[in-house]
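Across the two complexes that follow, subunit A remains constant while its partner is subunit B and subsequently subunit C.
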Partner chain A sequence: MKCKEGLPVLIIRAGDAFCKDCFKAYYVHKFRAMLGKNRLVFPGEKVLLAWSGGPSSSSMIWQVQEGLSRESAKRLRFVPGIIYIDEGAVCGQSPEERAKTVVEMKLILQTIAFPYHIVSLEEVFNLPTSVLQPVSQGPRGFENTYKEAVDGFIQQQQQQQQRAPEEGGGEAVLSDEQIQEKLRQLSTQDPVGQEEVAGDSLPRPAQTTALMTLFSSVKTLTAREELLQTLRAHLILHVARVQGYTKVMLGDSCTRLAIKLMTNLALGRGAFLAWDTGFSDDRHGDVVMLRPMRDYTLKEIAFYNRMFGVPSVFTPAIDTKAPEKASIHRLMESFILRLQAQFPSTISTVYRTSEKLVKAPRNGDAAGAATARCLLCMCALDIDSTDSATAFGAQTLERLAQKLSPAPVLPTGAPGRPCCTKGTRLQPGCCRDTRPSSEREEPRASFIEQLCYSCRVNMKDVPFLEPFPPYILMESQCRSQRAWEKQEVQEFLFEESEEEALHPLGFSPQF
Partner chain B sequence: MPVPRCSGPCGGVRPAALRRPRTGGAVCRSCFCNAFEAEVLSTLQTGRLLPPGAVVAVGASGGKDSTVLAHVLRALDARHGLALDLHLVAVDEGIGGYRDAALAAVRRQAGRWRLPLTVVAYADLFGGWTMDEVARRAAQEPGRARACCTFCGVLRRRALEEGAQRVGATHIVTGHNADDMAETVLMNFLRGDSGRLARGGTLGSPGEGGALPRCRPLQFASQKEIVLYAHFQELDYFSEECVYAPEAFRGHVRDLLKALEAARPSVVLDLVHSAERLALAPAARPPPPGACTRCGALSSRSLCQACALLDGLNRGRPRLAIGKGRKGLGEEGEKQSCTSKDSSGGPSRAGAIQAF
Partner chain C sequence: MAAPVSVQVEFGGGAELLFDGVKKHQVTLPGQEEPWDIRNLLIWIKKNLLKERPELFIQGDSVRPGILVLINDADWELQGELDYQLQDQDSILFISTLHGG
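On to the complex of A and B.
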């Protein structure tokens, strides 16, 4: 026991006993250390806190609040905002229940005094296609930039202190005043901001119906869960961009991330584990998603919330009350938690292994910006059609063998039909003809082509493309059109030069 | 309910005999067997696993995987002229009531297929240690799990290598299927074995140092299809599970995989795909391999794992080479090296079959 004087009230990890104060110090220190070690949050930056109402994100917001308050030593220095996404429609809640939940949320949000945005999931139908286009960021030397930024910030503070010494009072630094001022401004702007994203009032029934149609057309709970996560990420990204936030903080805890890692393995997302479960997720370019709670186990969070009265609201999720075998997520969750009970080092082992994952293509081939991105999850595509000595290659072979026999003999080279015989290697470009045509299957085939492996597997459970929100369908069409155009002029193009490779999406052949 | 016609290349001439687990298509017996063999051939060809003229040591345990493997390799060799020289190598771990029956099956197969058979016994190779002895020793140690599978896996690979050298083989093939690969990647994450994850699970190992290149032609075939194939070809194999299997950690993962497959049939290949695409930090990779100071086999430390394990056994400390505490390895003297991590390291130690 650390301080050896207080009464121990809590045991973590079989052997560490804490008294209340030591636990608080330990908890707060972890949060600061996580932010400080990674040095990604710059002073004065606008950070959006994603709040689901659950214990982890509530604890995160509490930590940010305490960290920003004047009394704490070494104050945190960024400008926070909160976003809450109302997913009641897909979780089977009636409009009255949703309204009630929103009221509860607001009660808590008002005590926190950060600007907040309440957005309903139906807003995905209003999203622009820019959400799906990654913004490439120029290379930055992080170390130098961070240090410079912090030094610059401190200098600024000192200068302002010197310039207007009568305003400062003791500890109060003007930058803090500025931050509070900014918060006040944002708060007063908030009703306007809310109306922009139509948060306050419940969404239009037509949109709710459209959302329900989309989700009920998905056949398995696994695919539904994945779709929900995708849409949620897009929505948060959009709100962040519109409101000028450059960072988003997600409340995933160690336990949840360990489960997520194993789940994503099973979903075929092995290539993207570093982005999905690492501290920072920069796949969108301009907005970086952070996970400051990734070092806390659910047990620690639960105890902290209870001991220090952190408010949280329970909302049902899409898989609440689903049977254990209903989805891969559920199965993996119960497996890991059961295993943890038997072997207490399981979750920390998985966490440690996840820290060793790096964000790199496996063989270090194509440069990050040059490779195509998945339409839905925005990670670099991990499918290599030319390499058949892989699991994907084996599946393609099976599918071809399956497809060939019942269909009547078709002319080779017809767009969208298999044109190679069973057992031969998949030639690049033969069955992937994305020439736009009026055939019904074509949009789906080209849509699938733009997805990474795991998104493709999910799409197997989604029979129709039509219920998707318009921004996804439009972006898909746009990309296939661009690919077709490029193919048309391929023979006239020289090899892409370095500069061109950095801005693939900005380059469109003008006719 | 009428049986559907086959949807395979025979064009529906025959009624379907089964539904393929992964694709769900109904096919007749011969279309299925042809498709299965074609897929194995494709794995061999696209991965360039077995060049013509190779002398191939097939790890034969008498179980369904190695039986199907030997049968398919023989059929493909005959049909496509792959110019492979096949030898069966069986390993006798000395597990009473299990291995002797399995070996009998292997002998029958060798006789039927007229393939040369070599049997390598642990007792001969490892100074009188059989698995039953090892299990008795390991059980005396206080600790949560017996860790028999750790010993067996390491020693078996050593024995296989030895047997292959004896027949003058150039390649070793084993019957690991897609389910095995999927289980292995899950287990490696649960054990935190970043070294093995970084080594890159699939496509076997190319053979470095003195070790022979190894590959797994069945690695994309699902376990269910292997069983179906064996059923349709009426192959004679030994189907009981090892006596020590119920305590193995792999059992947990196997149950999980079965449940996952019920939720989503393609999950096995999805896991294999994930394993292929993992990107680990360079620091996590194991050091480049050298040679064991005692037996000369491929090793990334001064003692290869087999020698290290045997060392521990001989010194009355079976868990010596298992886990993080390696103090005292290769030295004389009584040093207490069981670290506290060891006692809670259940999943790391027991039932871990090495990936290649």
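On to the complex of A and C.
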């Protein structure tokens, strides 16, 4: 027992008993320590909080709210907003149930004075292709910039205090006003913000049908869960970009991340564990995803929410009531939790291992700017398709073997007669199209080429490309077009070499 | 010989889905020879309250890993877990932590 005087109410880890007050202090301290240790959230920055209605994200929002309202010296200093994604369509909820859930969510959101955005998953059909293009972030010297930013912010606040000491209240009230005013302004903009992003609270039925078609065409629950996570991430990224948020906070807890780490290993995402389970995920470039709850176990979160009345709403998820072996995620979850029951240090061991994972750039690449990215998960493509010893190489070989058997189909124009005029845009199937027949007939093959290993494995369970949202298909086409064009003009491009760097014309001048 | 005991059984975090969505149950456990402890309470719940999918709530003679049990708002690990003897007007809360995030 830590404080020896209070009544113990809960045991954490192997034998630490806490009383109510000690637990609260411990819990709040952990949140602030996590943010303070990583020094990634700058004062005044706009941060989007991703809320699913569940206990972890609700707890995160509660901590942010408490943190923002403290006395000024120790106050959290960023400007928050909340996003809630309505995924009722893929979880089998009827429109009435979804409307009811949204109403419940709004009730809670209105008690928290942050601006919020309620978006339905159907909005993925309206996303632009820019979502799939990473924006390169300029290099930043972290330590110095953070300290300078914080010092500058404090100085600014002090200057404001000195400038107008006669305006009612105390100095402390005035400096508080700064942030509160900004929040109030954002709150009044709220209805506008909502309309811009979400329109009505319920999406068009055509989009709901399209979404359900997509998800029901996926054969396994594992692939469905992965697809859902991908689409969710894209949607959050888009809203963050449009509304000017530079950071997103996700509510993944320690338990969930331990399960996610093991699941991702099983799915073939071992190369990207540092991004998927680390504190910060900067694969998108301009918007960084953070996980401030990664130090809390689900038990701590559940107890805190119960003891201190944190509101949360229960909504069924895509795998509610699914049997244990329904998907890799479920299987891993029950494995880890069962192991944890017998060996209470399981989850913390996995967590500590994940803390040690480092995001290493590939050999020789400058800040990953030149590497190709996976179309769906936007991690660097870890491909060496010529090496048949890897699982990846084996997949590629297997596909090529399948392609060799059918005879190539003739293009639409009859031989000898051009089907287009010079200068028109090349279409697939055109007589001028000199790409190998396999790629021409099957956009699927070129789509698969643009994915990382685990996304390719997931695609095995997705038989058709058509139900995918247009932004994915368009970006895939664009990339393969670009790759083909590059290949076509390759021979005409000047190769950079040392002599030519000095003599751009390619030959040495004769004097 | 155990006298009849009246307790409040509550479900949260999604566990209520297995109980027809009803979160709070005020139950009176009948008198019986064995004393009323959590272990027997679970057997009673499985027989009388649980509407579907028992494997999602109970595993062996204990709750499924991932379900927290609070006895009068305190961790059951502090009270002896399955061996805690129920008393009249106790409040037992089962929270499923496996849902949401």
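Note that the second predicted complex is superposed on the first by the 424 of 511 C-alpha atoms of A that agree within 3 Å, B and C clash if a C-alpha of one lies under 4 Å from a C-alpha of the other, contacts with A are read in each partner's own complex, and residues count from 1 in each chain.
The rule we apply is simple: a contact is a pair of C-beta atoms (placed from the backbone, for glycine too) under 8 Å apart; a residue touches a chain by one contact, two chains touch by 3 or more.
Because the structure is a prediction, the values reported are computed rather than measured.
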Quick check for you: in the superposed arrangement, does A:150 touch first (subunit B), second (subunit C), both or neither? neither
Contact-wise, after the overlay, does A:343 reach subunit B, subunit C, both or neither (first, second, both, neither)? first
If we overlay the two complexes on their shared chain A, which of subunit B and subunit C does A:465 touch? Say first, second, both or neither. neither
Look at A:353 in the shared chain and tell me whether it touches subunit B only, subunit C only, both, or neither; answer first, second, both or neither. first
May I ask you to decide whether A:28 touches subunit B, subunit C, both, or neither, giving the answer as first, second, both or neither? neither
Once the structures are superposed on A, label A:54 by its partner contacts, choosing first (subunit B), second (subunit C), both or neither. second
Subunit B versus subunit C as contact partner of A:454, first or second or both or neither: first
Partner contacting more residues of subunit A (subunit B vs subunit C): B
Common interface positions of subunit A, toward subunit B and toward subunit C: none
Mind pulling up the subunit A residues that touch subunit B in the complex? 14, 220, 222, 261-262, 264-271, 273-274, 325-328, 331-332, 335, 339, 342-346, 349-350, 352-353, 356-362, 382, 388-395, 397-399, 401-402, 404-406, 422-423, 425, 453-454, 457, 460
Complex contact set, residues of subunit C against subunit A: 12-14, 16-17, 53, 55-56, 65-66, 68, 70, 73-75, 77-78, 93, 95, 97-101
Considering the complex alone, what residue numbers of subunit A touch subunit C? 7-11, 17, 52-57, 251-253, 255-256, 298-299, 301-303, 306-307, 312, 314-317, 320-321, 324, 333-334, 337-338, 340-341
Which of the residues in subunit B come into contact with subunit A in the complex? 7-9, 11-12, 20, 22-23, 25, 35, 38-39, 41-43, 46-47, 144, 178, 185-186, 189-194, 197, 202-203, 220, 252, 256, 259-260, 262-264, 266-267, 269-281, 283-284, 341, 344-348
